[in-house]
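These are the structures in question, set out in turn.
One chain, subunit A, appears in both complexes that follow, with subunit B as partner in the first and subunit C in the second.
For the complex of A and B:
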């Protein structure tokens, strides 16, 4: 019979192999799903690959998607490390976009470009952080389940955005469409590379990943977070202020999600509208988990999932393959990764013989 | 009360019951899943799978009750993914549940494409109960509904009975409170958890199917619109007790029916703010419920979210 025995140390080869095998199996499941709709999965995957990495331009589009994924996921890593949950990046992202739009619409003429962009970044972070502070405080002081509150706040944020776009912020010259006016050049994040849409947000993302990595590995705050994540009761006995850490981690996480929202509308969309891709907030959860809660690994994973998304967006147009394929593949990868964790946590014996 | 105001109240409350029934099924299901110690955040995913399978079956066969059953079954099958990962493989239940929701939304977007904007010719037929429907005020609200609504009434009573008055209920609660002790008593922890997780999936599928077979008889991407998350919040509001689930579900149903009514009457309140209300109400409810649960020491199932590993005794 199968028997499990707890592992003390996780061997490095398993730590690398399991995510890789999970990705392969997830892609396989996606392929089977595609077969059911009478499309050749090899054709689809080839098209996704070419659509993600096949030319300089699509390659740059992959990076464009990776930017918000990276910014959001490294913030989530901080919260997840603590074994707390922020499922509200979707709403925090929207709030960041809304807050920074206020400055883009009202201060574009009075501020110079660097000052305005700085104000927009700060506003974006404040918007996201405030939206994360609500569930964080509710969790820290009243123990209200943060999974549910962050999720519900996503819907509330979405309707606030809709209210603004169908009401006070709708551009009177947009022929009734729920759009603001196009941002002045002053309010647009500068491009990093010409002839692409890659913007300054990429630098924000890389800096954020490095800072989060340093916070977790090298600071007292990071140490406390890891202790809470491993054993909350022990952390409490050790005198660690759990409420303070929850709030701080959530504010940072929300702030980064808000910054991602700001970067997306200031760097890519150049106006506020209803469709501003807040779903990145959910995909970033997968990035965080797939990277093993390591902020530096999140850079690679963001790029990979960015490619999947960019490639799938292409085939949605060219081959009429619905975009849901992305969620299908992503969730399948997650299932295998979660299931595979048993092999990293346990040694497996079959009839007394060690298999793995 | 003017007669037309009376009539509108009746219509509103009847709509409340209908809209609440969508949630009542999944709330009851999740109560049992959580009571067994398994947290399944995949309700949104299982509901939308049930919604699409129910809709597609009804669209292709015209058999509305068969469609309801198929939607329910699809939700149950989807829950087995979560059961396998969290019970057998002891994986992280929070992430697995979220993955199940992402899976449901993705898979229904993928396979639902050909049904977008199609409508059902017939919804679940109204079945007026003779006698009971004649009761003034309550009759037309509660007993001019359909079989699924009546099923939900019965379900509340039966599940309450199972939970508190039967051996299965005792075993279920024991597993959720202290799996090791339950195991020592000879209860098969894994079997109990598999069974009630599957039941939770069936109920989520039923809720989803009821949505597309009755309340919104068409197919749109993401049609469940967060009701699965609301259901999870209302489980806490219900304090893991089926009769209270009724209150939570109908409160949500009421505010949903009211905002619809206001929108169709052409109110000046912006529609985005009206549509927000059900989520806002749930947000307030979860805070209040948490404080109440804490004050009265009615705890969550103690082993909620903790995997059980038998050989580590």
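For the complex of A and C:
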């Protein structure tokens, strides 16, 4: 019979093997789904790989996707470290996009480009942070479960966006489409590399990852977060102000998701519309987990999942395989990753013999 | 008295490092209430878990109505007519009484015949005056009622032998009286009951026979009518030779802690402290004795700010600190050695260094602006390790890999280094080996000599007698007696812990009302 025994420490090989096997199993499940489209999965994965890393252009597109993933995931890492499950990056991202659009639409003529972009960055972060502050305060002062509140606020954010796009912010010259006018050049984030869509947001992401890493490893704030996450009773015993930490960490987490939303519309889409890829807010949860809640590792993982996205949008065009496959692969990876956690926490015995 | 229905012969059970049951013999007659009496850790619950099939004994036999049985799971225990009611109820809050009763029953088909089951529940309920509505949801019921649902569950399954593990621990005195009436009614119907307790007064009230266990060994079985409460206390606590640590004469100075009419709730929302009053000067160890669950850990938590007082006041060095946050109270010079090392005192997955600085990470030199100075933190940790002789193989490895003794030394070091005016230590030597125990006790005495006021909360009477200067006894949320160490008598304190008499302890036989 199968028997589980609690593990004292997690051996290094398992720490590497479990994410790798999770990715492989996710890819395997995606492959089975691809077979239903009567396409050879190997051809599809090859195409995804080439579509993600095969040329300078597609490589740059991979980085374009990695930017919002990185910005959001490092913020999530901070709150996940304290066992606060922010599922609301989706909504915080939307609110960031909405807040910065206000300046893009109203101040493009009156402000110089650096000032306007700075205002838009701040507005994006404030938008995301305010949206994160609601569930943070509910949790800190009334112990309301954050999984529910952050998730439900996503829908509210989406409907606020829809309201603005069908109502006050719709461009009268868009033939009825729910779009704003295209942002003035002043309101567009500068490109880092010409002939690609890679924009300044990449630098934001890298700086954010480094700052979050420093916060967690080197500061008192990071220390308090780790103590709360590992043992909340001990945190209370040590006199750590838990409410203050929840609120501060969520302001940072929401602020980064908001900045990601700002970077996406200012750097890539150049207008506000209904489809602004807020799903990055969910994908970033997977990035955070795959990177083992390490902000530096998140840089590599964002790049990998960015490649999956970019490659898949290529195969959708060339092979008629639905892009939904990516979502399937991603969620299977997360599923196996969370399932694999049982092996990092427990030893497994079968008929008295240790298997793993 | 009826025939023997259950007999336990030479049962032994080892756990790593402990012999929980050492060749225990025990029998139960039809229609009797047989109490298992003993201190915490005496092995009562282990023995009962063996009867209920949760543990399997290493040695020994169980006979039911003269026939040898092999009980390997609670399910088999039920089939043999044994039902156990645990201290923590096994009920699903959101389901009804009826649903809880049938939960896990194999005899039910896919559809529940609710009407029939409800009738049977009502019948049982009436028969034993249990007064339970089968359609009530568990969360709507009081603790006493929930316990009666557990009784219905076992009776519904046809139990002839009921095991009740400290059933009164969660009840108010009135609820306990109701329970006793129900139990008496049950034995009239030829059920047999094993009653586990360490409260002597209720044991004397309800039992027919009493079996006393101490440290896993059988002390003896006695008839209630042939024994006095005092003698029972002696049997329970034992009369091991007391060994005393050398200590300097006491030098009391200035009041450090003062508690006035303090009241609080426990985690279940029941009032657990009912008006505590005492005062503690510097340089004294005040030992608070009591059976667990009488409010002592809650008292410590209220003082250090981890639990809210609902009435009364706490003063530290003359300043009122009632219901301040833990940080503010620590600033007033209070440090705390909690009862549960890895759950409260330490963060198991963080390193020794990160645990060592829990009290001073936000003070210089370990704090440097918004940053932590890990070099200073490591330096400080090494100081503690050296000074308190803590065995730490790798100071950056998770602290959970240290032994219990080293964990406790680390907490002790961290708290003492804060140079408190008041040190609260709850079960400071619980689960430690002899060497570590002695180390902890000596350190507490050293602190006392330095003029620190120490509140020592322990269930270990020997420990209290060994290092306290004064001993108070807490029972049902009140201090029922207070005695200077030179006048202390272990048997009398044991009696008071068991709630036998509630007057301040005085010397001489005449004050012991049994």
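Definition applied: the second predicted complex is superposed on the first by the 346 of 356 C-alpha atoms of A that agree within 3 Å, B and C clash if a C-alpha of one lies under 4 Å from a C-alpha of the other, contacts with A are read in each partner's own complex, and residues count from 1 in each chain.
Please note the rule applied: a residue touches a chain if its C-beta (ideal position, glycine included) is under 8 Å from a C-beta of that chain, and two chains touch if they have at least 3 such contacts.
Bear in mind the structure is a predicted one, so any value in this text is a computation, not a measurement.
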item	value
Side-by-side fit of subunit B and subunit C on subunit A, or clash	clash
Which of subunit B and subunit C A:285 touches, first, second, both or neither	first
Chain touching more of subunit A, residue-wise (subunit B, subunit C)	B
First (subunit B), second (subunit C), both or neither touched by A:50	neither
Touched partner set for A:192, first subunit B, second subunit C, both or neither	neither
Subunit B versus subunit C as contact partner of A:143, first or second or both or neither	first
Touching partner for A:220 - first (subunit B), second (subunit C), both, neither	second
Contacts of A:156 with subunit B and subunit C, given as first, second, both or neither	first
On subunit A, the residue positions that both subunit B and subunit C contact, one per complex	none
Subunit A partner contacts - residues on subunit C that touch it in the complex	304, 306, 325-328, 330, 336, 338, 343-350, 354, 358-359, 361-362, 367, 370-372, 374, 398, 400-401
Of subunit A, residues touching subunit B in the complex	3-4, 6, 33, 36-37, 85, 87, 138, 142-145, 147-149, 151-156, 159-160, 162-163, 166-167, 282, 285-286, 289, 322-332, 334-335, 338-339, 341-342, 345
Subunit A-touching residues of subunit B, taken from the complex the two chains share	41, 81, 84-85, 89-92, 94-96, 98-100, 102-103, 105-113, 221, 226, 229-230, 232-233, 236, 270-273, 275-276, 279-280, 282-283, 286-287, 290-291, 294, 309, 311-312
Subunit C-touching residues of subunit A, taken from the complex the two chains share	8-9, 218-221, 223, 226-227, 230-231, 233-241
